[in-house]
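Shown next, in structure tokens, is the structure this report addresses.
Letters A, B, C and D mark the chains as written, and numbering starts fresh at 1 in each.
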Amino acid sequence: MLIRLGYDIQFEIPAPVAIVALVHVFPTRVPDLQEPDVLHLEPDVPVREFVDVFGNRCSRFLAPKGRIRLSTSTLIKDSGLPDVVPTDVRQLPVDELPAETLQFLLNSRYCEVDRLNHIASELFGHIPEGWDRVQAVCDWVHQKVTFGYFFARHTKTALDVYVERNGVCRDFQHLAITFCRCLNIPARYVTGYLGDIRIDLPPSPMDFSAWFEVYLEDRWWTCDARHNRPRVGRVLMAVGRDAADVAITTSFGQADLANFTVISDEVPEG
Amino acid sequence: MLIRLGYDIQFEIPAPVAIVALVHVFPTRVPDLQEPDVLHLEPDVPVREFVDVFGNRCSRFLAPKGRIRLSTSTLIKDSGLPDVVPTDVRQLPVDELPAETLQFLLNSRYCEVDRLNHIASELFGHIPEGWDRVQAVCDWVHQKVTFGYFFARHTKTALDVYVERNGVCRDFQHLAITFCRCLNIPARYVTGYLGDIRIDLPPSPMDFSAWFEVYLEDRWWTCDARHNRPRVGRVLMAVGRDAADVAITTSFGQADLANFTVISDEVPEG
Amino acid sequence: MLIRLGYDIQFEIPAPVAIVALVHVFPTRVPDLQEPDVLHLEPDVPVREFVDVFGNRCSRFLAPKGRIRLSTSTLIKDSGLPDVVPTDVRQLPVDELPAETLQFLLNSRYCEVDRLNHIASELFGHIPEGWDRVQAVCDWVHQKVTFGYFFARHTKTALDVYVERNGVCRDFQHLAITFCRCLNIPARYVTGYLGDIRIDLPPSPMDFSAWFEVYLEDRWWTCDARHNRPRVGRVLMAVGRDAADVAITTSFGQADLANFTVISDEVPEG
Amino acid sequence: MLIRLGYDIQFEIPAPVAIVALVHVFPTRVPDLQEPDVLHLEPDVPVREFVDVFGNRCSRFLAPKGRIRLSTSTLIKDSGLPDVVPTDVRQLPVDELPAETLQFLLNSRYCEVDRLNHIASELFGHIPEGWDRVQAVCDWVHQKVTFGYFFARHTKTALDVYVERNGVCRDFQHLAITFCRCLNIPARYVTGYLGDIRIDLPPSPMDFSAWFEVYLEDRWWTCDARHNRPRVGRVLMAVGRDAADVAITTSFGQADLANFTVISDEVPEG
């Protein structure tokens, strides 16, 4: 299966401002690319790349005054298979977890492990460990939280979502991630392209799509408390502790979003 | 100048629990050690070490049921010079900052950049950039916040400190760090030993001492909004985005603090 | 000057639910009514009236399953004069305030006096007491807070507004009220009709318009941090400590807003 | 049964400040007084009394610079019977509640009905209405929340208590009150003397004791989520929506607590 990926993000810049963008596919997906994955900038200012502590490919540049446009169009090969549902994988005791997964058990900006731990125990402490417990978390969040763009606000935390019971993609994942961490299951936030999704929204910088991953047995597994069913065509872009780490763009000064279009469409092969 | 360093931390463990401890001196200070810096455990359970994404030397072990004691005693050589006050260093525009400092401009659990940015601009936007601005942040926090152990709570964030105007060491630093980040100055949280400090406190896991560092011109500089004057004898242990990253001990289950003693005493040379 | 007042509020009711409505003009304006101020209900269920502790005329009824419509149309005589700007009135020391104004110095749901008092002193403590200080509060809130329906959420408090710097009418007033209380100036929340305003919005129950009053010298004076200039044609409906006390409608169970229209139009006399 | 009641509250006053004190027994208990219930002030500044909207007897005075002492000693007759446990009383539908009880269903400063309603439904929605449900609320709060003076902070709300699971008297009651209101049971906060209780604490202004009342069938009933068992010798002083309404003392400026002693002792009759 082939997926056409692309975005067109435009900002109005009142004064020169540094921007960091996480708009490339994650290194693990680079072998699947059928066309180059290049960030085009108009005007064509210099871009420097770096890899952050999570392994994400980041781009930084100085946006000049005026309109700036970030765009790409690329093609990626995908298995076309839905997310795996690993019903029989084992939850490792913390002591057996790989060291690099431990940071995904800790508090982060939007995932207040220290404030939700009592609640998580009460809701999920009786569910068998492992995938069952992760599934129970996703089911709970999916059923209890109402989706709506009107409910988005960029300071919303997992506790806010638990209390307010509404939000956008990222809010669903933040709450589920926090519950998992409270239960000693490493969980990390993911941004990426998700098939069928085409968003043309003017307001504030929206993540492409967000889901999360849990570490069980010997690897990370895809979870999605927003959709809560296996999906086809996810293309991972970046991972982090929560949305603070993997914002599509972070501007260190004023940058007013003027356009935001994301494309992720299946295209006929050959 | 020689400093005797040590700690004696004891927990009562109701059921086996994984613990991660950040109790070693930071790699940059290893050359100054005059005696080995070894984590002693009683009972003597196996310890595995790893280095986290911030370069901290971390120890992990499975604490068995019963009392467990973490302790060390070591000796370190110190310049005996007070913290440098770099009055003439330049604040780099974000675009010129080293890539690895950028994460210290972002939101983290206890440092809500996204909630304090308007406030930071209003309070410090008129101060000249660079060290003056950092000093103004430290002065403000030092003058406005009242120190007291009674005001400690482990979920307290920079915004809470701004509103409540009281706290312990870590709270002073969290607020100052957040202000710096809002002003596009990379700032990171530090734990360590601080000369003259001897704490024998029963209550909850306390950090040794906390201060912070800002990145100006070409390196990290020591700051301390709690004491707000140059000090002698700091021994850096760990750095992170905030206290969530560098807790002295993180236990993934119940562990009741039974003793907490830290020693940092100047000793005669030779 | 004559003003045609009216509203048409509709709810979809999934199961019978008790509703309290504060939709009448305040007792002080009853002498100005040129037509009766009657709450019409369709279907025509019985309404009982009561006066709450603030002197507001409240209506209560049991809404049956299905659509319910609350409406009125009435005519009121108004002076046509803009809000008075009492530049020379004196701020009474708390000890001289009438006892019944003291409750408007206290904390309430959306006005956290206990969390904003340090901030209020810093921002306004140097301004001369009395109207000047009130005006400084209104100026600050008016200039710093951005209006937008997208920013509305019913749990938003004064501290949230101070931090987020955006909101709707009620948010502007909540922040200004809280600052005034912090400065020992009694301040109360007001709902009412405001000339020129015609709102046809589907989303969630919106207050008609909101402003506030401060007690200086010997009476309550009208203030409005949202518009921050004298207006003509305010018709007071209800007063309280904050929006929690004077919601246009409070339903004690599910009631989905299906229509909300408010009319407040000047009409030719005679 | 006779109970000796008294208090000795002292403040250090840096500059003259208005104070309101709610230190008298509630009007319903006046007939039981065997000795006058007089507020003594040293120095003997004039006191004015007023009754607030909740029917509480309030005292106001201007405290001069220096030390001020509030004290009383009085004697009251008590039935000596424990709190009634009205297992068979009926919970009125909101539509049948007396109008004056409706305000005790609303949001207030420390009782965020709008943030805890989902949680209350999930925890208690399946329990039969009426006393059973109130008892379930008290049981839950009593079991889940840990008592400790170290956990006191005056800005702590019901949601904070739900999340942090610790607090003092008032915190237990705030959470239980909020749950009851979410369940459409009018609930109000109470301060008073409670037999066996003798507190000599230096820190911050503490309420004497706090409990709450719910309105079921035809009257208010005593509840106490802190002790959660019938007690003898409660002497009601004041009622309100939450602790903001009935602080023992409210000072409108700085007043540093220097002593706080409360006495409530059974004494032999005759």
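By definition in this document, a contact is a pair of C-beta atoms (placed from the backbone, for glycine too) under 8 Å apart; a residue touches a chain by one contact, two chains touch by 3 or more.
Given the structure is predicted, the values throughout are model-derived calculations rather than measurements.
*Asks:* Can you list every chain that touches chain A and also touches chain D?
*Replies:* B, C
*Asks:* What chain is the most remote from chain B, judged by the mean position of CA atoms in each chain?
*Replies:* C
*Asks:* A-C or C-D: which has the larger count of contacting C-beta pairs?
*Replies:* C-D
*Asks:* For the Cα fit of chain A against chain B, please give the angle of the superposing rotation, nearest 5 degrees.
*Replies:* The best-fit rotation has an angle of 180 degrees.
*Asks:* Compute the distance, rounded to whole Å, between the mean C-alpha positions of chain C and chain D.
*Replies:* Here chain C and chain D have centroids separated by 30 Å.
*Asks:* Just the number, please: Cα centre separation of chain B and chain C in whole Å.
*Replies:* 47
*Asks:* Rounded to a whole Å, what is the gap between the Cα centroids of chain A and chain C?
*Replies:* 41
*Asks:* Which chain B residues sit where two or more other chains touch them?
*Replies:* 115, 155, 164
*Asks:* In the complex formed with chain C, which residues of chain D make contact?
*Replies:* 18, 20, 48, 50, 52-53, 58, 60-62, 93-95, 99, 102-103, 105-109, 112, 114-115, 154-155, 184, 244-245, 250, 252-253
*Asks:* Per the contact definition, I'd like the list of chain C residues that touch chain A in the complex.
*Replies:* 150, 153, 155, 164, 203
*Asks:* Which positions of chain A touch chain D when the two form their complex?
*Replies:* Residues of chain A touching chain D: 115-116, 118-119, 144, 159, 163-165.
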